Amino acid sequence: MKKRIVIKLSGRIFGMDNVKILKDYARFLVKISKVCQPVIVAGGGNIARRYINYARSSGADESSLDELGIDISRLNAKLLIYALKHRAYPHPPTTLQEIRNAVDSGVIVVTGGLHPGHSTNGTAALIAEKIQASVFLNATDVDGVYDLDPNKYKGAKMYRRIALKKLRNMLVHKESIAGGYDLMDLLTLKIIERSKIKTRILKADIKTLEKAIKGGPVGTEIIFPKK
Amino acid sequence: MKKRIVIKLSGRIFGMDNVKILKDYARFLVKISKVCQPVIVAGGGNIARRYINYARSSGADESSLDELGIDISRLNAKLLIYALKHRAYPHPPTTLQEIRNAVDSGVIVVTGGLHPGHSTNGTAALIAEKIQASVFLNATDVDGVYDLDPNKYKGAKMYRRIALKKLRNMLVHKESIAGGYDLMDLLTLKIIERSKIKTRILKADIKTLEKAIKGGPVGTEIIFPKK
Amino acid sequence: MKKRIVIKLSGRIFGMDNVKILKDYARFLVKISKVCQPVIVAGGGNIARRYINYARSSGADESSLDELGIDISRLNAKLLIYALKHRAYPHPPTTLQEIRNAVDSGVIVVTGGLHPGHSTNGTAALIAEKIQASVFLNATDVDGVYDLDPNKYKGAKMYRRIALKKLRNMLVHKESIAGGYDLMDLLTLKIIERSKIKTRILKADIKTLEKAIKGGPVGTEIIFPKK
Amino acid sequence: MKKRIVIKLSGRIFGMDNVKILKDYARFLVKISKVCQPVIVAGGGNIARRYINYARSSGADESSLDELGIDISRLNAKLLIYALKHRAYPHPPTTLQEIRNAVDSGVIVVTGGLHPGHSTNGTAALIAEKIQASVFLNATDVDGVYDLDPNKYKGAKMYRRIALKKLRNMLVHKESIAGGYDLMDLLTLKIIERSKIKTRILKADIKTLEKAIKGGPVGTEIIFPKK
Amino acid sequence: MKKRIVIKLSGRIFGMDNVKILKDYARFLVKISKVCQPVIVAGGGNIARRYINYARSSGADESSLDELGIDISRLNAKLLIYALKHRAYPHPPTTLQEIRNAVDSGVIVVTGGLHPGHSTNGTAALIAEKIQASVFLNATDVDGVYDLDPNKYKGAKMYRRIALKKLRNMLVHKESIAGGYDLMDLLTLKIIERSKIKTRILKADIKTLEKAIKGGPVGTEIIFPKK
Amino acid sequence: MKKRIVIKLSGRIFGMDNVKILKDYARFLVKISKVCQPVIVAGGGNIARRYINYARSSGADESSLDELGIDISRLNAKLLIYALKHRAYPHPPTTLQEIRNAVDSGVIVVTGGLHPGHSTNGTAALIAEKIQASVFLNATDVDGVYDLDPNKYKGAKMYRRIALKKLRNMLVHKESIAGGYDLMDLLTLKIIERSKIKTRILKADIKTLEKAIKGGPVGTEIIFPKK
């Protein structure tokens, strides 16, 4: 059995301004699928945010907004599935069980969010847990976790490794997370912690992802305390 | 029992550039719901077209493209549902039977497409048939059916009434349909014909719709041969 | 991968007066499944018509009548599945996606109608499109498309090839379709046209079907304009 | 809350040779629905038997045959639903829970079989149990339970009341059940016994049913031992 | 194709006081899966009885009690699935069709009850029928069928073979079934009879089951009359 | 419209050693349902823990363990539904949407967990958000939130009000939460925070709950910063 890798792909990738990018990702996934089995979790991105803002202005409740984000992330997942043609499971699964069954069948699986109350990051962590992935790559809009916001502070330094507890402390005091809100959240960390999932936060960029899959030290690795 | 009215709403309404428009439609629907029970079928609009074009360029098959359009039309339906708050059935139904049950419960129902191979117009006609609607208003981007393309020909004349057979002949020779592709299609006409559904093609505009509901002679009415 | 063939089988085959006929079809399908993968769409036939007439006399709406036809076509599909024993997908799929998944698994697939508003012909065309079938064989009660009703006019001539546009014109003026109502309908033609599906209308008869699968010029072929 | 009555209607009623009979039943059910809430369980009848025999000759397994019978009984239920128009729950429920919910909503409910391994009689008894029906009327092709087959023995006597244990003994030695195989089965008796359901076996005939609903002593009543 | 064996496992096995027992069963099932394909039906056992009694004291109806038993039997099935790890179908199927599909895929299948009104014994018999199992082993808390209750009568004798009709007679007069209520019931016998399923009632014990699979004469075999 | 109250009920209540307790709760809920609409979320309790430990010892993954807990919490919910008889929605809903629909119908709703990765506390908070509950009562095994573990420190003091941020800090350093692990978790707090849900942690005890519903200052209230 090939080792399984969960990749959360930032919604920005699915922005539709660049029709070539998903084809590049498709080619890349087919290539790496010779050495591992990738499971992709698509984010919602810009269009999700537009729908959510529109609905929020009408007074929709938070879990309905979550559902809109899930809907769009599944549409994004479909776009990548079409680009992958016969190499992909033919639709985005909608339950953990369906994902596991799809993964067991050996094909590349692309999915979106699953349930209100879970970010796509959290969903990706649950999937990594369910299919016993050997690594969870959280491909975001930033290079990794910084001590200070790199957009504001010239001397901001990226961590190559960060203890889970330290990252959690940064999240609890949200304003101090360098690089943005969606990088990681508390539920995601809880799941990573309970199942000791090997996790790396890195730039959503094909070359960077390729290095990470080969075990290279890109982005920021989350580390656990030794018992 | 209030008379039931099916309104197909052009996807353009859900364009998200104008956050006020759906609130206006919500207010309008609540107002008319005192005298009739409206069922709204949302079109896919611009975002549907973007997703479909993107997927087509990846080689997705036609029924998958239909599904993308359905997905987006349901998201659009949700936006109107949120604007309607407690006055609407809480989600877009996904089968004719669910639509009928929802309509029987008396609330305003907003839905999108249902199945691949059916346009949202055709879906709206099937719904009108299923719930025995007293009228089907096809609210589009044009004022009605013209003899010539009004954008090209200054003297183009709008029909106030058109025989179903004549409209069908225009559709068969598609290039001659003044005003564009999506105004009506052959399957939709077939359903309108088999159940003799009273149908009007008109501008997607609140005032125009209001006139039509009051029985005013706006847009183009489709007429049937006398037996 | 074997090439895929969609066969719409006239409901008459499932008439139940002749218990041997489905066994003959089963043997035939197993035989041809060595060189291609057949997908069968069963029609409703006589029993469907009896149920539909009964329900219509009670005032049931048209889409409920469509559903009755779908129900019976699925029962017919089951009869052929039982005759095929372990060679067939074990039940009639109910969505395009399930059909595609079943086809991908390599077995013979037998299905009935799918959704109200679609004839079984139209459903067969949608399936041919979805699974990228190499040919769609519409096996009916007549030999092909005639210029005049062969039951009435001695000199009626069967077309060996007919342009899609010409066939559509005949359908629009229904009374002129030689051989009967159900041979082909507008929605089916629309799907055949949009995906350029290679289509042949022929007699529902094992020998005729076998010739068609081998590429022989039986029945009437639908041809498309060259661009 | 009106008292609830479960009526198992022999499949013979749905024979389709007599288009008037279901309209008569519909009128009757609407009439009695003023004093009680009827739940109808449709049998499969002659068409079910034809499909089952056909499938059995192809070697289908017994539970698949049960499913065919269930499918046809649901089609029969639909015919009665259409005849009842807006007075009936709009489709045949497919689970006990859905039946209970439908009954709670106050309308007339018409259903068919539910699961392989259960006769429609057994299903009717399970429904009577689930909705706490005040009586279960098993409307069959015979007048009631006889001591000898009335078709063969001139002096055959119908029981007006029969102890459940005695009926069970007759069933165990099947050949001795006067009037036919399908009148009642062991599983049905077990359910009647465990929930002490008031049960009457009688002729499927509107006048007879009306008398029974008014409490008249028609057909054969099943009686339980006093504790 | 390996021969298929259905084993109904007494709920007592899943008692949770002995954490080792399911691991032993898992090892045993993996071992025998080299020579046959086992399908396991888990009983509800003690915890099912506690939930059922509690609910009965609140006045729940009998089919709701059946459902509680089904729920617990599925939880028990899951425990065995986890012990079997990747050798088992990943969850308890919930319909006969899903069971057949799962069995066709070749893995070990573990399930619980399916529908109210069916005991887990009856469900196991329906499954044996559906998948054309070569034998149905009903693994219970007793060694087999006795002429007298072995707990009360010293000289009670176990049948090595018993005619189905005789067993049915014993069941009809329930008090005379030596060894307890749940050993076999009338519906189960009906299914065994209609499909002539080779059935053995034996002790739920790994060594005993192993002997039975090898064809050894353990427990009590049910025999049918020669035609 | 009555105001809606979400009560998370500790799984301990469903322990089955005390058959009277659920009847007392049912009576209490019927009584308060005259002034508000209660939605109950049942915990898993002791039996959930036993199943989870058993499955963990077989190597089941964490989300499968979550599912076992959800299964048991639904069984517990059913027991309370039976005790409530016709006053309750007839089964535990399984999605947020079904819960909202059930609540809209006006009956008492009892549910269990919904999705892996969410505690029953988190689920209760999501429900409170979805149905716009006026208060969320988290009924636990302790009186409220303490500064020190009251079982260990004589002088431990219960907070009558605690700032959400302070509680979150206590949770991040789990060992310092007086009274135990399951009282509240980070995801639950995130939901409470994003929708500003009025929340109280209190003893699972009928008299205490009654006081809280009347607005009395029992247990610990979570307070938000003023903007």
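Labels A, B, C, D, E and F are assigned to the chains in the order they are written; within every chain, residues are numbered from 1.
Heads up, the rule we're going with is that a residue touches a chain if its C-beta (ideal position, glycine included) is under 8 Å from a C-beta of that chain, and two chains touch if they have at least 3 such contacts.
The structure presented is a predicted model; accordingly, all values stated were derived computationally and were not measured.
Novice: List the interface residue numbers of chain A and of chain F, divide the shared ones by all numbers used, and answer same when the ratio is over half, different when under half.
Specialist: Because over half of the interface numbers appear in both copies, chain F and chain A meet with the same residues.
Novice: Look at interface D-E and say which pair in E-F, A-F or A-B is its repeat, using the rule that over half of the contact pairs are identical by residue number.
Specialist: A-F
Novice: Give, as an integer number of Å, the spacing between the C-alpha centres of chain F and chain C.
Specialist: 56
Novice: Would you mind pulling out the distance in Å between where the CA atoms of chain B average out and where those of chain C do?
Specialist: So the centre of chain B lies 31 Å away from the centre of chain C.
Novice: Just give me the whole-number Å value for how far the CA centre of chain A lies from that of chain E.
Specialist: Distance between chain centres: 45 Å.
Novice: Multi-chain contacts only, two chains or more: what residues does chain B have there?
Specialist: Expected reply: 64.
Novice: Using the touch rule from the top of the page, what pairs of chains touch, sorted by label?
Specialist: Every pair of chains meeting the touch criterion: A-B, A-C, A-E, A-F, B-C, B-D, B-F, C-D, C-E, D-E, D-F, E-F.
Novice: Quick check: in the complex, which residue numbers of chain D touch chain F?
Specialist: Chain D reaches chain F through residues 97, 100-101, 104.
Novice: How about chain C: which of its residues touch chain D in the complex?
Specialist: Its residues touching chain D are 16, 19, 22-23, 26, 47, 50-51, 54-55, 57-60, 64, 67-68, 71-72, 74-75, 78-79, 82-83, 85.
Novice: What does chain D use to touch chain E in their complex?
Specialist: 61-64, 96, 114-118, 122, 126, 129-130, 132, 168-169, 172, 185-187, 190-191, 194-195
Novice: Can you list the residues on chain B that touch chain F in the complex?
Specialist: Interface residues on the chain B side: 90-91.
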